[in-house]
Structure formats: structure tokens, C-alpha cells
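What follows is subunit A paired twice: with subunit B in the first complex and subunit C in the second.
Let's look at the complex of A and B:
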């Protein structure tokens, strides 16, 4: 049997086993899921190599599994994050209900993503895409009926995207006679010549998963409502499936566009770039005002995906490289951050930042992981996030001359500092609250995945070349030639070089010195101050007053940005939904429930047909 | 004994007459005998399908009167496929209903068994007969039994639904009879193959009139909009197994009639476009209405109508790929919608007031049934890797081959609506807190087996569709190949039994 099938079969059977085993031994599903995903990953990374393919026929359709260097990059994200998140999940989900159900869908989601990575033809791609979608839908609604509305919204948008994609897929089959992705690209299915709707529909399909404006409205709540061990994958890996598809379509549009249609691809570049930019800005602004850490992270995810889309939309070598680099790094740090939020949720009972604070002493390792990922998220040197953003800015400034977009991205990136700060400060710093006194560090199996990911952030910052190598191979597969990279040196077009290890050691030294200085200086004469010990303007706060640092955080900013919050995309979609409801209600009334009316319908229909019979049924 | 197509008709008829006598011997016999008959139907189907594979078709001349003089029964790959499907569904439905309503008294049980069996026989008869008047007779059998079954529970709603069905069904019979009369005056024969051969002699205007009458007549049975007013009431008021039989069997026969008329009897191009438009309207209106239903069985009924709309669209596209897709859809619809009706009516039976909102907590109380309902829901909206996906994919591919991009868009937009109302039920079942505690009526083991079989088919076909695509391709070839149908029937020099 073929290795592709074996990997998928391992995942499938561990999903089934996880479903059944919880009825036999409570809590065993998590371990089975972990073992299954790990086994599949080991097999994948040791036995499968780039270039392997396997063709088969199903339902009269030629299908092919394969692995190329572009999808390999995403396999690293999916399987790496999958293993760690499933390890994390064992303790995180401990004692919850319906574990069998949860892990069944958890593993199926990963199976779906692995399948997408394997697919070399549109039909298997679509099949696994849908498996991924419905299994993740089932997890979104896991947290009870209150989340079913969120789930339905997710499912509607996913279906919208998936069906846009399916329309494009069957059109490709109808026009070019092939389901193979490679053949379709070679036949020029994506290059706007006469069937411009095909790439557009495909991009819509992928944009939904990548949470791009205006198709992002499902994301904030779906991300924050799912169990955190799943959101780590949901936001970290699954959104990258959208990026995978977009990367595939966009690069083939750009590289195969003939001169006479290049104006369309220029427009597309602008539109996508701006959509990405606006997504980044708006999501950042929304992230700022969240008081729930999970929602903050959810909005931040959308913003980060916006950057990635901006990078992809440039289509230049550097831009795409930046986007792919950011995609990997985002998977790492956002995976970590959602795990951190999950750890806080499990240990402190809530992730509401106005209720929890000062966890740094209670959960030092979690804090460490959070700190590193926040640094990466904000794009501060020396961690991985910096490298990605650096390249993104450089490509926008030097290659696409899109200065306004640079300003937009830069604004959102700066504003991201604010919410990063809020997250870090809200949960971990500030004064300790009485309610959080009992909190302890998360269990070992939850801390280890977070720390591994945090260390990866250091590594990717220090030696970004580790990621550049697979990215460069992937881009060469997509048709870019001579993708240059260095292990730890960034080079710009003017030939100036930035050595990451130099920066890293410099910042490291500064950090250590300052740390020692502050510790020495502040060691004596400091004491812990509780929130209630502060008196403001001579007033002594009441016992029930919430005085955590997070109350009315960024209030002036919120006031200043108030007009921006008024019109949300959500409202527009809701209006569309309501209008449709009205239509449905109207059509329902056609069926009056009255026998005479139905008889009348039959007669009227008969008469109409008889009148128009000659024009309807002419030879 | 040699098995021939006539066994489909004769055995159930004999059994139906025998049941009132046999009930005197043992009370359980009216329950068991229909099952034996249905099982025998499956055996006939297997034997005949083998012969069809061997010779291309099987035809039976009744009482020595050769076509076109006498009535003959013809099994082609197309009708053979449908008959096998109906036989199989009939058996599964019998298995499901075997212990359904234990309390029912013998008189009712007797009539229920007979009616259900006759309905299935009628549906099979419609499909295998080669004579158009004979077809009408079988259609009448189906209509009468279906109407009786609709109002089987003698309460107000059932009677009302039965009356509506009777009213609309009356139109159906009258118009078909009228069409047959007109046709007979024009071509002077009732044999469908011969009619088809002589069709070019009929003047254009008359041809169109006859076609309109047929379309309305069979359209009522095939649930075409706006002729389907009877359907939601009938589906929701009929006993659970009967609703499943409506979806799995009766509608199939109606669609067969429509397709046989349009594809074999007439050669009018416009009819295909008409089918697409009628199917599209049917599908859109039915699915939109389904979204707003509060009663689960009504919702399933509207969904069923919508699916038939899709089948009509697929037939209307008219290419071989599209006909293949339409047959696949019919197969899936029979299996999946029957499963949904079976599990749905158990869920309904256990809910307080038969509305979707009282389904809360069923996932815990009836885990197996809820799981199967969810499986059916996932399959019917066309999510992979379940069987519904393939049929939808084939329909879309067929439409794409004709560059009907807007049609694809409409089908998929409607699918989103479908997702919304099915997933609403699923999430209600599993994730809503149980509101009231109701004593649960557990389904019997045979019902579980019946539903399990259908669930397994959904999964197996979903993972490996090649199991049936071969038969479907043969059937699709057959529908489109009018000449060889005529040849089979009229110049039957191949094996006649």
C-alpha cells in the first residue's frame, strides 16, 4: 500500500479509535490522538520525500497524491503544530465532556489538512478541504449551544468559499478538461485571458479560510469560542491552507500572465494588497478594544493574515518570501499564544483580562513563552517576526513602490504594539488579584509544547535560513528562479547586510545588562502592591470595584477611533442575512396549506403551459 | 422455476390477497409476509440484473401477445437499476417498520402491510412496463395506496393531507389519461416503443399539447413546482416508514415516468430546457421554504422536493454525463432521504410537539439515531467523503461541460441554504440543553439494523463510488439510446422468456 494512504489511514484510524476509546477508558482519546498524529508525522518526515507521487482513479476521476516543495512547507506547519497541539491538548481537555467527539474531529481536521497538502488534483483537494471544514465546524460548536450560531456562521462562510472554489474547479474541468492542478496551471486556467472568473472564484474560496476582509466575519468568534488547543491549529495551521491556495493561484497568475492581460493582474495586485492592508488595520483596531485575551488573539490573527496576503499580493520574490516566512512564524507564535491563553483559561478559570492579572509569578514558563511570542508578533528584533516584517517592508518599498500600502501596514504594525502590550500586561503583569492567588503553573505537557514553540521563535530569529531553505525550494517549485537566501544574513537591494546573529547577540547583551541593572537597583525597596492598596485622589476604593490595570485600558484611543467601530462588516452581512430571511419567509408562504390553492396552482400551470406550448416545446 | 419480470407483479399481488386469509393462521404473518415478498424482489432483481448484463435487456411477453399487440415487461439497464433500487429500499423499509408500532391492531396492520406492498409493486410496475396504458394503471395503484397510507393515522391532519393528495392526484390521473387518449388517437398504439417510432407522424401542436398533459400529470408525482403542494403535507402526515417510501420509491417512479416520456416518447428539444427551468424553480423554492419550517418531517419533505428539482435539472442538461449524475442523485436521494425520514421520525416521535426546537438533547438520549441523522444530513448537503458529494460533483461537472456557470452558482447557493437548515437541526440535537424530560421510546433492533445498512451504504459509496458507477453508466447509456430500446421491444429476437 502506498505511503500516502498509510499516513492518511493512520490518521483516520486514530480518529476513529479516539472516538471509540473514550467510551472504554475515559480520557484515553487525547493520548491516542497524540500518538496517531505523531506516528503520521514521523512517517511523513522520515519516509516521504519531495517528488513522490501516486496516481489512482476514484469515481472515474483521475486523482493524484504527491508532495512538492511548496506544500512541504505547509506540511511542516500542520504536522509540527499538530503534534505539539495534540500533546498540549491532553491536559488542557482533561475532564471535559465528549472527548471522543472532540478528538475525532481534531484528528480529522489534521487529516483534512494533510490531505490538502498531498493533493495534486482539485478533486482530492476539495474533498479534504471539506473534511477539514466540517470537522472544524463540529469543534467550533463543541462548547455548547450558545456557540452554534457562531458555528453556523463559520459554516456558511466556509461553504460560500468552498462552493466558489468548486464552481471554479468544475469550470476548469469543463473548459480545460482536467482536474490536475499542474495541468490546469500549464493550460493557463488562471491567467485571466477569457475565463477571468476562475481565479477570482478560487481566490474567494481561499480568502475565506485566510480570513480576508470582507469574508473574515466568522473568524473572531470561531477562533475564540473553540477550545484553545484546537484554536492553536485552527488559527495557526488551518488559516495557512488559505494562504497555500492563494500562493498557488497568485504566483501562477503573475508568472503566466501574458502582456495584454497584465493590467488585470495589476489591478488584482492592488485590490488584494489593499484588502490585506485594510484587514490588517481593521483587525488590529478591533483587537485593541478586546478585554478577552482570546478575542484579542483572534483579531490579531486576522491582522497577521492580512500582512501575509499583502506579501503574497506583491508577487515579487521578496514579497512572497516574506509572506511565506511570516506564515510559518505566525503559525508558531500564534499557536503558542493560543496555548498560553488556554493555559491561563485552565489555571485561572478565565481569560478576561479585567479579571486576571499578575500571573507572572504563578505561571513563569507560560509567561516566558508568551513574552517571546509577543515579541515575535510585534515584529521586534531579534525574533522571527522581525525578519518577516523586515522583508515585507523592504519588498513593498523597493519593489512594488506601493508607499500608501506601506504606511497602512506600518500603522497596523505599530498599533499591534498596543494590543501586544495589553495582552502581556493584562494577563501576566500588574498587581496580583486575590482571585488568582490559587493559580499554579500549567501541567508539564502543556508547558513543554509552548516552550518548544517559543524556542523555535528564537531559532528562526537567529537563523532565519532554516526557514528560508524550504521556502526558497517551494518558491522555485512555483516558478521563481534563483531565490537567494542566507542562513542568518538579510541583504537588501543596496547590498547592505544585516547579520541576525549579530543583532541577536547585541540585543541579548543589552537585555541581560538592563535586566541585571534593574534587578540590582530595584531589589531592595520594592514590595508587592495589591490593587486595593492604591487610593486615587484620596479616595479609598470599594471592595467590589474593579481596579485591575485593564479597566478602561486605551480608553482615549477607543474614543478617538469610535467612528471606525460603528460600521462593521458584521452588520452588513447581518443585513444581507435578514433580507434573505425575508425572502425565505415569503417563499414559504407560497405553500399555503390550502388544498384549493394547490389545485389552482395546477390549473394555472396547465393553462400557462398550454398557452405557451408552441414556444416552449418547438422542435 | 425461472425468474422473470412478471414475478415483480404477481408475487406481491398474490401475497396481498393471501394476507387476509393468512392472518387467521397466525397474527404475525401480516408483518412477515411483506418482508418475504420484498426479499424475493431483491432476488429477482439480482437474477434479472445478471441477465441484463449478459444480454443487454430482458423482456417478457405476457400471455403470448407479442409487442406491439400485448403488454410486455422490459428490463433494461436503466429500468433494471431503478427496480433494483426500489426493491432494495422496499426491503430496508420493511425491515425498519417490522416492529414499528407494536400496539397497532391486527386489522390496521393487515391493511398497512398490504398497502405498503402494493405501493411498491405499483412503483415497480410503472418502471418495467412497456405499455403506456399499463403504466397509467400502475400509477393509479401507487396513487391510491399512497393516498390511503397518507391518511393512515385517522386523525384530522392525516385526513386533510390525504384529501389534498387525492385532489391533486386526481388531476394527475385525469391529465395522464387524457394524454394517453390523445396519443392513441394520433398514433394508434399504446406500446411505448411503437409510439416513439411513430411520433414523427404527430403534428407539432398536438405533440406539444400531449407533452404538456404528460408533464403536468407526471410532474405532480415527481413533485415539480408548482404541482407539489400535496407533498409536504403527505410526507409529514404519513407514518414514518411511508414517508421514507415516498422519498425512496414513489417519487422515483414519478420521475421515471417523466423521463421516459421526455426521453423516449418525444423528441422535443425544448423539453430539456423546460426541465432545467422547472427543476431550478422547484429546487430554489422548496429549499427556501425548508429553511423556515419548524416541523422536522415537513423540513425533510421540502428538502426532498428540492432534491427532486436537482434531479430534474440534471436530466434536463441531457448529456450522458448529466443523466449519469441524475441517476446517481436518484440513488443517493433514495438512500439518504429514506435514512433521514427513518431516523427523523423516531426523533420526532420522541420529541414533545414534533418541532425542531424540541429536539434538544436527543444526541444523548438517542445517540445512534442522532448519529445516523447527522450522517444523513452531512451526506445530503453533499459534504465529502459521503455519497451525496459525488452525485453533486457529477451534476456540477456535467453542467460545467455545457458551460452553464449560472446554473452551477444557483445549485451551490441553494446548497448553502441546505447546510444552514440541516446543521441547525444537528447542532440542536447535540448541543442544546435538554429542556424537558420525556420518556424515550427506544427504536427496535431491526429498525436500527435497517438504518445502519443505509448509513453504511452512504459511507461505502462515499469512499468508493466505483461500486455503482458502472451500473449507472450503463443505465445512462440506455436512456439516451432510444433506437435500441425500440429495437429491443419490437424486434425482440434476443432471449424472450
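Let's look at the complex of A and C:
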């Protein structure tokens, strides 16, 4: 039997097993899911190599599984994050209800993503895409279907994307007579020549999963309402499936566009780039007014995906490389951050930042993981996030001459400092309150995945070349030639460099020297105090007086940026929804469901026919 | 190896100079401000005395790990950026790594210290610190926009993202960039008002309102180290502006001892002149609220930056 089938079969059977075993031994499904995903990953990384393909026929349609160097990059994200998230999930989900249901869908989502990575033709692609969508939908409604209509929104937008994609796929078959992705690209399906709607429809389908504005409104709540161990995958890996599709379509558009239609691809570049930029800005400013850490992270995911789309839209070497690098790094740090939020939720009962604060002394390891991932998220040197941001800016400035987009992206990433700080301060810093006195560090199997991911951020900062290698191979598969990369030196096309190893060693040396100085100097005279011993300008706060500052955290910024907050895509979609509902209500007046009314309609119809029969059937 | 030793010596020399100059400038401003307000004021070396006092405190109060490392982050950011900014053009006495990190890197590295300090201030649990931090971060979103516009304008105009190259261009053409793109310079100059946090943009520390904002819980060795880091950072900001817009200092063709001293003299004159802009502006301005400050930077300074960018492109 073929290896592709074995890997999918392992995942599928562990999904079934996880579903059944929970009825026999309570709580065992998490372990089975973890073992299944780990086994599949081990098989994948040891036995499967790039270039393997396997064709088979199903129902008269030729299908093909395969692995190329572009999808391999995404396999690293999906399986790597999948293993760690399922390990984390064992303790996180402990004691919750309907574990069989949860893990069945959890593994099935990963199966869907692995299937997408394997598929070489549009039919298998679409089937696995739907498996992924449906199983993730079932997890989104895990916490209750009715909770603020979150499930229905996700489903409507996913269905919209799926229909768009299906239309495009059927059109490709009708026009070019093939379902194979490679053949369709070679035949010029994405050339923009005659059938420019095909790539557009496909892009819409992918943009839904990548939460690109204006198709993002499902994301904030779906991300924040699902169990955190799943959101780590949902935001970290599943959104990247949209990026996978967009990368494939966009690069073929750019590299195959003939001169006479290249103006369309220029327009597409601008439109996509600005959509990405505006997505980043709007999601960022909404992230910084959230009081729930989970929602903050959900909005921040949308913003980060905006950067990735900006990078992809440039189509230049450095830009696409930045986008793919950011995609991997985003999976790492956002996976960690959602796990951190989950750990806080499990240990302290809530992630509402107005209720929890000062956890740093109670959960030091979780804080350490959160700190590193926030540094990477903010793009501050020297971690992996900076490498991606650097390449993104340089590509916009030096290669695609999109100067004003640089400013927009920069605005969003400066404003990102605000919510980054809000997240760390809200959960871990600030006053220690009585309500959180009982909180302890999360269990070991939850801390280990977080720390592994956080340490990966240091590695990707010091040696970004580790990621450049698969990225460069993937880009060469997409049609870029001579993708240069270095182990730890970043270079733009003007020849300017940033050398991560110099930066790392300099920061390291200065940090160690100053840290030793400040620790040893007056060591005996240094007194460690808690958060209650602070200067209060002579006043002594009473026992019940609260010194926590968490409400209206960035009110001044909100006031300054008030015009930006006026427009909300969510409101526009809600208006559209309400208008549609009004139309449906009108329809309901005609189709009342009463047999007598329908009989009346038939009679009226016959009467009309009789009255107008001469003019209608004149000849 | 001898070469490396010389370089390390040069790096230490650079740090000491940056520290001394930054501290002295701070002292001079204190004196001048006092004279303008019709007070006698402290001597210009008062900052050094303060530092000695702070570092020799017998008891220090530590507020957990992030509070303990807050001054360390500031020092790390200051010294790292200092190493990547050319002090004198092509002078061997002041070696630097500017070939290994360009303007985008500097831009990001410059916020490193503020963020580290913000985390430290957060852990102390003092609400004044947290309020100060939110104000500071919000204001940063304000002034970074014109600053980045100015920098992008320069990068686009001269097709380089390296500070060393921009200095070389000014040296070779004999024209300072302040004349070849005055709009970008003005935008950056407005941004510098926010960076130095003198009045009217002193809402972050806000004396008489927030104690001293983010710094309120730090004392002794912590405050002393922060002060040193802050002084180095003030010198860095000034030097960066001089390098980018005012032609830098020093001559790569003459690197003898006298030429070096002359270069340092020129650098001091230029930086001090530049430093007086936010100081003068502060003397005559009352304090803005945070949202007013942000709006200020998003108004004319940003417009000037956009004009500068368009000027650079066409």
C-alpha cells in the first residue's frame, strides 16, 4: 500500500479510535490523538521525500497524491504544530466534556490539511479542503452552537469561499479539460488572458481562510471561542492553507502573465497589497481595544496574515520569501501565544485581562514563552519575527517601489507594540490580586510544547537560514530562479546587509555584562518586594482599594484614532445580512407553508393565464 | 587578534564618549532651563553627581525579574544601536558595525529599550508606571509615522538603506541632505520633539501628575543604570540625525589625531545645535494631552513627510 494512503489512514483511524475510546476509558482520546499524529509525522518526515507521487483513479477521475518542495514547507508547519498542540491538548482538555467529539474533529482537521498538502489535483484538493472546513466548524461550535452566532458566520463565509473555489475548478475542467493543478498552470488557467475570473474566484476562496479583509469577520470569534489547543492550529496552521493556495495562484499569475495583460496583474498586485495593508491596520487597532486576551490574539492573527498577504502580493523574490518566512514564524509564535492563553485560562479560570493580572511569579515558564513570542510578534530584534519584518520592508522599499504601503504596514506594526504590551501586562504583570493567589504553573505537558516553540523563535532569529533552505526550494518549485540565502545574513537587492549573528552576539555580550553588574552590585543590600510595596506618594491605600490599572487601557490612542474606529466591516456585513433577511421575510409571505395559500396561488395563476391568454400565446 | 583588540578598545571608547556627552548635555539643559525660568539651577556636571549618588546607595529595591532587568534592556538597546551608528565618517578610532545592520534594523532596535523598560515598569505594579507606559507607547505610534516617512524618503532618494552610504553621499556631493530633501528633514525634526519627551510632549513622565511615570518605582543602582543608558541613547538619536541630515562629522581622507579631534568638535557643535530644537520648543510650550500629541504628529509632520517622500520619488 502506498505511503500517502498509510499516513492518511493512520490519521483517520486515530480519529475514529479517539472517538470510540473515550467511551471505554475516559480521557484516553487525547493520548490516542497525540500518538496518531506523532506516528503520522514520523512516517512523513522519515519515509516520504519530495517528488514522490502516486496516481489512482476514482469514479473515472484521475487523482494524484504527491509532495513538492512548496507544500513540504507547509507540511512542516501543520505536522510540527499538530504534534505539539496535541501534546498540549491532553492536559488542557482534561476533565472537559465530549472529548471524543473534540478529538475526532481535531485529528480530522489535521487529516484535511495533510490531504491538501498531498493533493496534486483540484478534486482531492477540494475534498480535503471541505473535510478541514467541516471538522473545524464542528470544533468552533464545541462550546455551544448558539453562542453569539459564531458558528453560522464561519460556515457562511466558508461556504462562500468553497462555492467560489468550486466554480473556478469546474470552469478549469470545462475550459482546459484537466483537474491537475500543474497541467492547469501550464495550460495558462491563471494567465488572466480570457478567463480572468478563474484566478479571482480561487483567490476569494483562499482569502476566506487567510482572513483577508473584507472576508475576515468570521475569524475573531471563531478563533477566540474554540478551545485554545485547537486555536493554536486553527490560527497557526489552518490559516496558512489559504496562504498556500494564494501563493500558488499569485506566483503563477505573476510569472506567466503575458505582456498585454500584465496591467491586470499590476492592478491585482496593488489591490491585494492594499487589502493586506488595510487588514493589518484595522485588525491591529481593533486588537488593542480588546479586554479579552483570546480576542486580542485573534485580531492580531488577522493582522499578521495581512503582512503575509502584503509580502505575497509583491511577487518579488524577497517579498515572497518574507511572506513564507513570516508564515512559518507566525505559526510558531501565534501557536505559542494561544497555548499561553489556554494555560492561563485553565489555571486562573479566565483570560479576561480586567480580572486576571500579576501571574508572572506564579507562572514563570508560561511567561517566558509568552515573552519570547511577543518579542517575535512585535518584530523586535533579534528573534525570528524581526527577520520576516526586515525582509518585508526591504522588499517593499527596494523591489516593488510601494512606498506608501510601507508606511501603512509600519503604522500597523508600531501599533502592534501596544497590544503586545497589553497582552503581557494584562495577564502577567501589574498588581497581584487576591483572586489569583491560588494560581499555579501549568502542568509539564503544557509547558514543554510552549517552551519548545519559544526556543524555536531564538533559533530562527539566529539562524534564519534553517528556514530559508526549504523556502528557497519551495520558491524554486514555484518558478523563481536563483533564490539566494545565507545562514544568518540578510541581504536586499541594493546590497545592504543585516547580520543576525553580529546582532545576536552583541546583544548577548552586553546583556550578560550589564546583568552581572546590576545583579552583583550591592547584592546584599538589594531587597525583593512584592507588588504591594510601591510608592503611592504618601497616601496609604486601604485593604480594599484596588491599584490595578486594566480598564480603558489605551483610551488616549482610541481618542486620537477615533475616525478609524467608526467603520467596521462587521457592521457592513451585518447590514447586508439584515437586508437579505428582509428579502427572505418577504419571500416567507408568499411561501407561507399553508397548503390553502398554495392552492390559491395555483388558482390565481390559472386566472392570469386565462385573462392574458390571447396576448401571451398570440402566435 | 591585535586588530580585534583595537576594535574592542574603540568600542569602549565610543561608549564612554557617548555616555559623557549625553550626561553633559543633560546637565547643560538643566542649567539653561533653570536660567530661563529665572532660577539659579544646578551646575552642568550635576548629572554626574546624581549618578554617583544613585550608584552608591546601600539599599536597593528590586521588583521581580522584569523589574530587575529593565535597566539592562535599556543599556543593551543603547550600546547595540551605538555600535551600528557611525560616529565619525570612516574613522578608525570609532569602529562600528554599520555594514552589518541597516536603517530598518536601527529603527526597530531603537524601540527595544523602551519596550524592555515598559515591561519592567509593568512588573512593579505601580499604576502610575502603567499609565505612563500606555501614554508613551501611544505617543510612539504618533511620532514614528513622520520619522519613518522621512527615513523611507531618504532611502528611496539615494537607493541605499545604509547610514554609512548616506554619509558618504553627503561627503562626496558636498551637499547635506537637509538641503536636498528639506521636507523629510522637517518631518524627522518634528518627530524628534516626541522622541526627546520635552514639553509639550512630556505627558509620559508628567511631573506633578504621575510621580515620574514609568520610572516611579526605580531607584538606586536601577535608576542610575537607566540614566546612563538614557544619556547614551540621547547622544545616539542626535548623532543619527546629524549623520542622516547634517552631513555627519569627520573626513574619511584625514584620520590623524588632529583631524579626529576636529571631527569630534564638529560633531559636538552639530549635535548640540540640534538638541536645542526640542529644548527651545519645550520652554515655550505647555503640555499636550496624549491624544493631542498623537494628533499633532499625524497632522503637519506627517503631511511634510508625505511631501518629502513624493519629492524623493519624483
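Simple rule for what comes next: the second predicted complex is superposed on the first by the 549 of 619 C-alpha atoms of A that agree within 3 Å, B and C clash if a C-alpha of one lies under 4 Å from a C-alpha of the other, contacts with A are read in each partner's own complex, and residues count from 1 in each chain.
Everything below uses one rule, namely that a contact is a pair of C-beta atoms (placed from the backbone, for glycine too) under 8 Å apart; a residue touches a chain by one contact, two chains touch by 3 or more.
Predicted, not measured: the structure shown is a model, and the values here were computed from it.
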In the overlaid three-chain picture, which partner chain does A:271 touch, first (subunit B) or second (subunit C), both, or neither? neither
May I ask you to decide whether A:59 touches subunit B, subunit C, both, or neither, giving the answer as first, second, both or neither? first
For A:430 in the superposed arrangement: first (subunit B), second (subunit C), both or neither? second
What is the contact status of A:361 with respect to subunit B (first) and subunit C (second): first, second, both, or neither? second
If you stack the two complexes on chain A, which partner ends up touching A:389: first (subunit B), second (subunit C), both, or neither? second
Figure out whether A:25 sits in contact with subunit B (first) or subunit C (second), or with both, or with neither. neither
Mind working out whether A:613 is in touch with subunit B, subunit C, both or neither, as first, second, both or neither? first
Touching A:186 in the superposition: subunit B (first), subunit C (second), both, neither? neither
Tell me the contact category for A:576 with respect to subunit B and subunit C: first, second, both or neither. neither
When the two structures are laid over each other on chain A, which of subunit B and subunit C touches more residues of subunit A? C
Across the two complexes, find the residues of subunit A that touch subunit B and also touch subunit C. none
Residue numbers on subunit C that touch subunit A, as the complex places them: 55, 57-66, 68-69, 71-72, 75-76, 79-80, 83, 97, 99-102, 104-105, 108-109, 111-112, 115, 118-119, 122-127, 130-131, 133-135, 137-138, 140-142, 144-145, 148-149, 152, 155-156, 159-162, 165, 211, 216-217, 220-222, 225, 289-291, 294-295, 298, 306, 309, 313
Subunit A partner contacts - residues on subunit B that touch it in the complex: 160, 163-164, 167-168, 171, 175, 204-205, 207-209, 211-213, 215-216, 220, 226-227, 229-230, 232-233, 267-271, 274, 284-285, 288-289, 291-293, 360, 378, 383-385, 389-390, 393, 396-397, 399-403, 405, 408-409, 412-413, 415-417, 419-420, 423-424, 427-428, 430-433, 464-466, 469
Would you mind writing out the residues of subunit A in touch with subunit B in their complex? 57-60, 123, 126-128, 130-131, 134, 137, 141-142, 144-145, 147-148, 151-152, 155-156, 159-160, 163, 166-167, 170-171, 173-175, 197, 583-585, 587-588, 590-591, 593, 595, 597-599, 601-606, 609-610, 613-614, 616-619
Subunit C-touching residues of subunit A, taken from the complex the two chains share: 358, 360-361, 364, 371, 378-381, 386, 389-390, 393-394, 397-398, 401, 403-404, 406-407, 410-411, 414-415, 417-418, 420-421, 424-425, 429-432, 492, 494, 496-499, 502-503, 506-507, 510-511, 514-515, 517-519, 521-522, 525-535, 537, 547-549, 553-554, 556-557, 559-561
